[in-house]
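What follows is a pair of complexes built around chain A, which joins chain B in one and chain C in the other.
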Partner chain A sequence: MIMDKRKNRTYFLMILPAFIGFIILFIVPAIMSFGYSLTNWSVYNADIDFIGFRNFQKLFQDAKTVAAIQHSVVYAILITIIQNVLSIILAVLLNRNSKVTNFVKGITFLPAVLSIMVVGYLFQYIMTSADGGLLNSIIQFFGGQPVNWLGDSNIALYSVLATQVWQWTGYTMVIYVANLKSIDSSLYEAAQIDGANGIQRFFRITLPLLYPATSFNLLMSLIGGMKMFDAVFVMTKGGPGYATETIMTTLIREGFNTGKTAYACAFAVVFFVIVFVFSKVVTYFLDKWEGAIQA
Partner chain B sequence: MMKCKNIAKKTGYGIFLAIVSVIMLLPIYYLLVTTFKTPAEAVASPLGLPTHFTFDNYIKAIDAMNYGQALKNNLIITVTSVIFLVVFASMASYVIARSKQKMFKVMYSVFLVGLIIPFQVSIIPLYKIIAGANLMNTHLGVILVNVFCINLPLSIFLMRGFINTVPQELEEAALIDGCGTFQCFWRIIFPLLKPIVSTVAILDTLAIWNDFMTPLLFLQSSEKQVLLQQVYRNVGPFSTDWTSFFPMLVMATLPLVIFYIVMQKQIIEGVVAGAVKG
Partner chain C sequence: MKKKIIATLLCACMAATAFAGCGSEETTDQNTDAGTSAADGTEVSDAGTAEDGEVVKLRMMAYNAESSRASYLKYLDEQLPNIEIEFEFVSQDNFDNVLNAQLQAGEGPDIMELGGQTRLLANAGYLLDLSDQEFITRYADAGIQPYTVDGKIYAAPLQSWYEGIFYNKTIFEENNLTVPKTWDEFIQLHKTLEEKGIKPQTMGAQSYEPMMKQSIALVNNEFYSDEANKDFDEKFNKGEASLAESWLPAVQEWYKIIEEGCLTQDMLGLSYDQALDEFATGKAAMWQCGPWAVETIKEKNPDLDFGMFPIPGVDADEPGWLVGGPGSAFAINADSEHIEEALAVLELTATEEAQQELVKDNAGSSFVEGVEVDLGEIYTDCEEAFAAGHVYAPWTAVWTNGNAVTEGYGKSLQEVLSGTKTVEEALADADEINKGLLETLE
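Presenting the complex of A and B:
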């Protein structure tokens, strides 16, 4: 009994540093965000008053903010689909053990260790419409017309997205490859004897058994896409106009540069709700899929 | 007939490998090759080799970035944060995995909130808290944010999963021998956690080293700033002079690229282990 009490006290002291730090630096500010979102706190206001949901009303009336939310949602959905389709294809095709394929896997993963910011700057120069921009030089070499990748408001967001696909496809791929390795090869032999062709084998065997990697990767790219900040911040600064503003660039600007603190907190709350709803929806469909596989 | 098909298949596969390699390597080749060129050369032939090799651009970049100091700042922040994370997360996860007390289960579900809510939701009040605690513009401030606000929940989640698979007999024997709980953890359990400690350390190192937003918000004076901030600070003055700017991009990522080349196997295993547990 005394032993147990002492043990619990030691346990308590061992978990305490992590718990206190987490409460003070995560839980408390998160709750404060919710609280402040209902006030008129800004650097211009000496007193803080409770104003109910007025920040949220303002937020949804501001075309620029609504556009930023749309951009983040579109961006997150597109990058999730494109990145996962590409990395599953790559994983299936590169899942062999030879020196060459291992090298290709290695270089495909490499951009994931670079910082998003560095990749952003590099591609800003590659995609530039100024003289000597690499991408346009290549297009012109093959007789095409130069494109204003980052300066055209219709495509700027997709140009940024392309750079992020380039950077992160290898990361998701290695997770799929590891999952593929765990699939029992006798399943394929049996399917081959039954006369299933390559495409049938992929959809009947490979894809269902990739469930663990797929569920992780889908959620990660979706949430990562929603949080996108660095790439836009360095490549387009949200422009041209506000064509590439995202939730995070708006949140940082309103909260830190324009000083509309409470308004930015309201935006943070909206951000939370969107991420929460999206991950719930995806989890719901993933669970359904898992049920279908097991049935 | 069969043979023909095989050759076609092999060629097709070779072309596929070549295309993937070109797409992945071309931007990196372009980055590297430009750093040795003069501005005129860079515009005239973006992909050609430089006519003469010179490290002048690198010397300029290292100077403009205050490289030694910035690298030191990166190392201080990353190494300290990772040590804090490993120490605090492993102790907390051990308690969560081993104790049947309800209080600790509740604490665990509080930590898990951090996996669902992105930390950016807290960012504005967090800024006020750090400023209020006089930690603005200090490395400690950035370290605390990196550890407790951003990376702790995932580290605990991964470690708890691993500790659950470690058999309890060892520590029970040690306890009977009179080893205290705390001692027993560090002497007997912690050494067994090597695989998950390396996974967590690798994931956290990548995240913290490459994090741009936290230092951007919490470090203002130039002698405290990290490599990425030095790049950011220099992009204005050098925006039209690629050949001087590209070496900064290379120098900012070089330490992690070396880390990747040396530890490629462990890094990829770490990423995979982080995903499989998740």
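Presenting the complex of A and C:
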């Protein structure tokens, strides 16, 4: 008993430095942001006054905010689904120890090493509507019509999404591969003896036992998708018009470019709530799934 | 045992890198004091003024690239040996956001390049009042006016800026084409070139800027040219006048260029660099831009023979207009620790020699009185417009919220080109942004 208490104390002491850092660098600023969101703080305005929820009211009256939230949510959901489906398929296919599969795994992971800025800039040239754009040249070679990948407001968001799927699928795949390695091979042998085919084995054994990696990856892609900023910023600047504006690009433009710091804080609070609710919903379903697996 | 060795090694590494950090900082701080001992440990940066031989670092933040200021910076370096200028380029898209954040945190640059944001920053007390400085009197009033807020002068203007249409002289000569005198001729020119299989105009419309500026050039032609509209901008600042009412006819005239198919949706997928490439390599006959692009065009294609003409209006008898005005200007951070040195830089900038160096990389007229600038052959077609004073950009000259309003307006014009918005709606959007920002300033 006494031993336990002492152990606990040591444990708390050990995590204390990180915890203090976390409080100072995250919790306190987050609470301050909420405080500021209730004021009229602006770069160009020396006096700070309390104005209640007026920033929030303005936020939701602005069609641009609503559109940006929509874009971010659509983007996050799509990237979560596409990226995870692709990487599970890749992971299962590449889960062998041969030179070829190791090589392919390496190649698939490689884009994740590059900076998003570099990837975005490269794809701006690959997807350009100018003559000689790589992607359009390939399409035209096969007799197709050139597509305005980044300049057509109906598809620009999906063009950006495609580059991000390309960049991050390998990274997610590696996490799935690591999880696959931990699945006991005797389970597959037993299933084979019972006469299960490949698809049955995948859905009855592989997928349920991939639960740890899946829950991690789903949450990470979802939150990453909601936070989408850099690729959009490099590739389309939120344009054409407002077609690819996400929560983050709008927050920076509407909030900081125009000096309306308090307004930006209000937006950040809204963003926090959205991400929080989303994560909660996803973890709720993941918990249910986990319960079902164990039952 | 192994773990202990690794741990010790890692600690050693950490310590070494930590000290390496200190070391390099010290050497940069004292890099000129090679003769004297570097071990006295005094830091240069905390001294308000530089003593003999000590080098003061000034941070200069700008939205014009370093290449467009290269000769000038070199000149400063030669003339002011005890000041080292750390030039920090931040692109226009991001400039206000970076600058605002730094100023608010009390870590702003010592010298900053400003345009449309000067009034806001001056009102908020971030800028040093330059009214009493001797060198300010050397500038012509026209250059100082946009940087004067409530009778006080907050920035020293650099050379004027202007944007017109660059055209490929070789293509024009080969096809017997002349510089257009009216907007309709300009549109017709596109069709003629198109028929000959030449791409008439390229535009990096992925940025909100080019369409915004081109349409405002038409507003210059059709609206600001009328004396009766001179007070519009002041009214707009107070929220008493709207773009949707006043600018609409002019912007509708501009819209013909979209209606006639001269600006196309695929331009929305082109960046500034890509458009520059198309013009420089002769793939497109025209491109709207300004003198700051000239060096890059020449780098990409030294043989290109090109000129610039002003953007024409409806009336053939009047010279066209350029979008532009007194250039951006240098202001000093009121909280700078090196105000004296920063003033020395501005003082030197106001000399004839420095002005000529500035113009070398980015042609424009100087506002220092008595400095004659030869703009060069590229701008011969613009001479008439210059002589008539047909250079204007309301958002840098007078508007309080110029940058935010023009960005919103330009983004809405992208939607106009996409076919999802009308010109009226784009102007109304800009009015809305202006109104919203005026409210936050109250």
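In this section, the second predicted complex is superposed on the first by the 268 of 295 C-alpha atoms of A that agree within 3 Å, B and C clash if a C-alpha of one lies under 4 Å from a C-alpha of the other, contacts with A are read in each partner's own complex, and residues count from 1 in each chain.
What we mean here is this: a contact is a pair of C-beta atoms (placed from the backbone, for glycine too) under 8 Å apart; a residue touches a chain by one contact, two chains touch by 3 or more.
Bear in mind the structure is a predicted one, so any value in this text is a computation, not a measurement.
**Student:** Contact-wise, after the overlay, does A:148 reach chain B, chain C, both or neither (first, second, both, neither)?
**Tutor:** Second partner only, chain C.
**Student:** For A:236 in the superposed arrangement: first (chain B), second (chain C), both or neither?
**Tutor:** Touch status of A:236: second partner only.
**Student:** Could you say whether A:278 touches chain B, chain C, both of them, or neither, answering first, second, both or neither?
**Tutor:** Neither partner.
**Student:** Counting only touches as set out at the top, which of chain B and chain C does A:168 meet: first, second, both, neither?
**Tutor:** neither
**Student:** With the two complexes superposed on chain A, say which partner A:260 touches: chain B (first), chain C (second), both, or neither.
**Tutor:** In the superposition, A:260 touches chain C alone.
**Student:** Should A:93 be classified as contacting the first partner (chain B), the second (chain C), both, or neither?
**Tutor:** first
**Student:** Tell me which partner A:127 touches in the superposition: chain B (first), chain C (second), both or neither.
**Tutor:** Only chain C; A:127 stays clear of chain B.
**Student:** So, does A:75 touch the first partner chain B, the second partner chain C, both, or neither?
**Tutor:** neither
**Student:** Quick one: chain B or chain C, who's touching more of chain A?
**Tutor:** Between chain B and chain C, B touches the greater number of residues in chain A.
**Student:** Intersection of chain A residues contacting chain B with those contacting chain C?
**Tutor:** Residues common to the chain A contacts of chain C and of chain B are 125, 131, 252, 256, 261, listed in rising order.
**Student:** Which bits of chain C are touching chain A when the two form their complex?
**Tutor:** The contact residues of chain C facing chain A are 93, 96-97, 100-101, 103-104, 120-121, 123-125, 205-208, 265-271, 274, 277-278, 283, 401, 403-404, 407, 411-412, 414-415, 417-418, 420-421, 436-437, 440-441.
**Student:** Can you check the complex and tell me which residues of chain B touch chain A?
**Tutor:** Against chain A, the touching part of chain B is residues 13, 16-17, 20-21, 23-25, 27-28, 30-31, 42-44, 46-47, 88-89, 91-92, 94-96, 98-99, 101, 103-104, 107, 110-111, 113-114, 116-129, 144-145, 147-149, 152-153, 156, 180-182, 185, 206, 209-210, 212-213, 217, 228, 231-232, 235, 242, 245-246, 249, 252-253, 256-257, 259-260, 264, 267-268, 271-272, 275-276, 278.
**Student:** Under the stated contact criterion, what part of chain A meets chain C in this complex?
**Tutor:** Touch list, chain A to chain C: 40, 42-46, 58, 124-125, 127-131, 146, 148-153, 236-243, 252-253, 256-261, 263.
**Student:** Of all residues in chain A, which touch chain B in the complex?
**Tutor:** My answer: residues 6-8, 10-15, 17-19, 21-30, 32-33, 36, 90, 93, 100-101, 103-104, 106-118, 121-123, 125-126, 131-134, 137, 166, 170-171, 174-175, 178-179, 212-213, 216-217, 220, 223, 226-227, 229-230, 233-234, 248, 251-252, 255-256, 261, 264-265, 268-269, 271-272, 275-276, 279.
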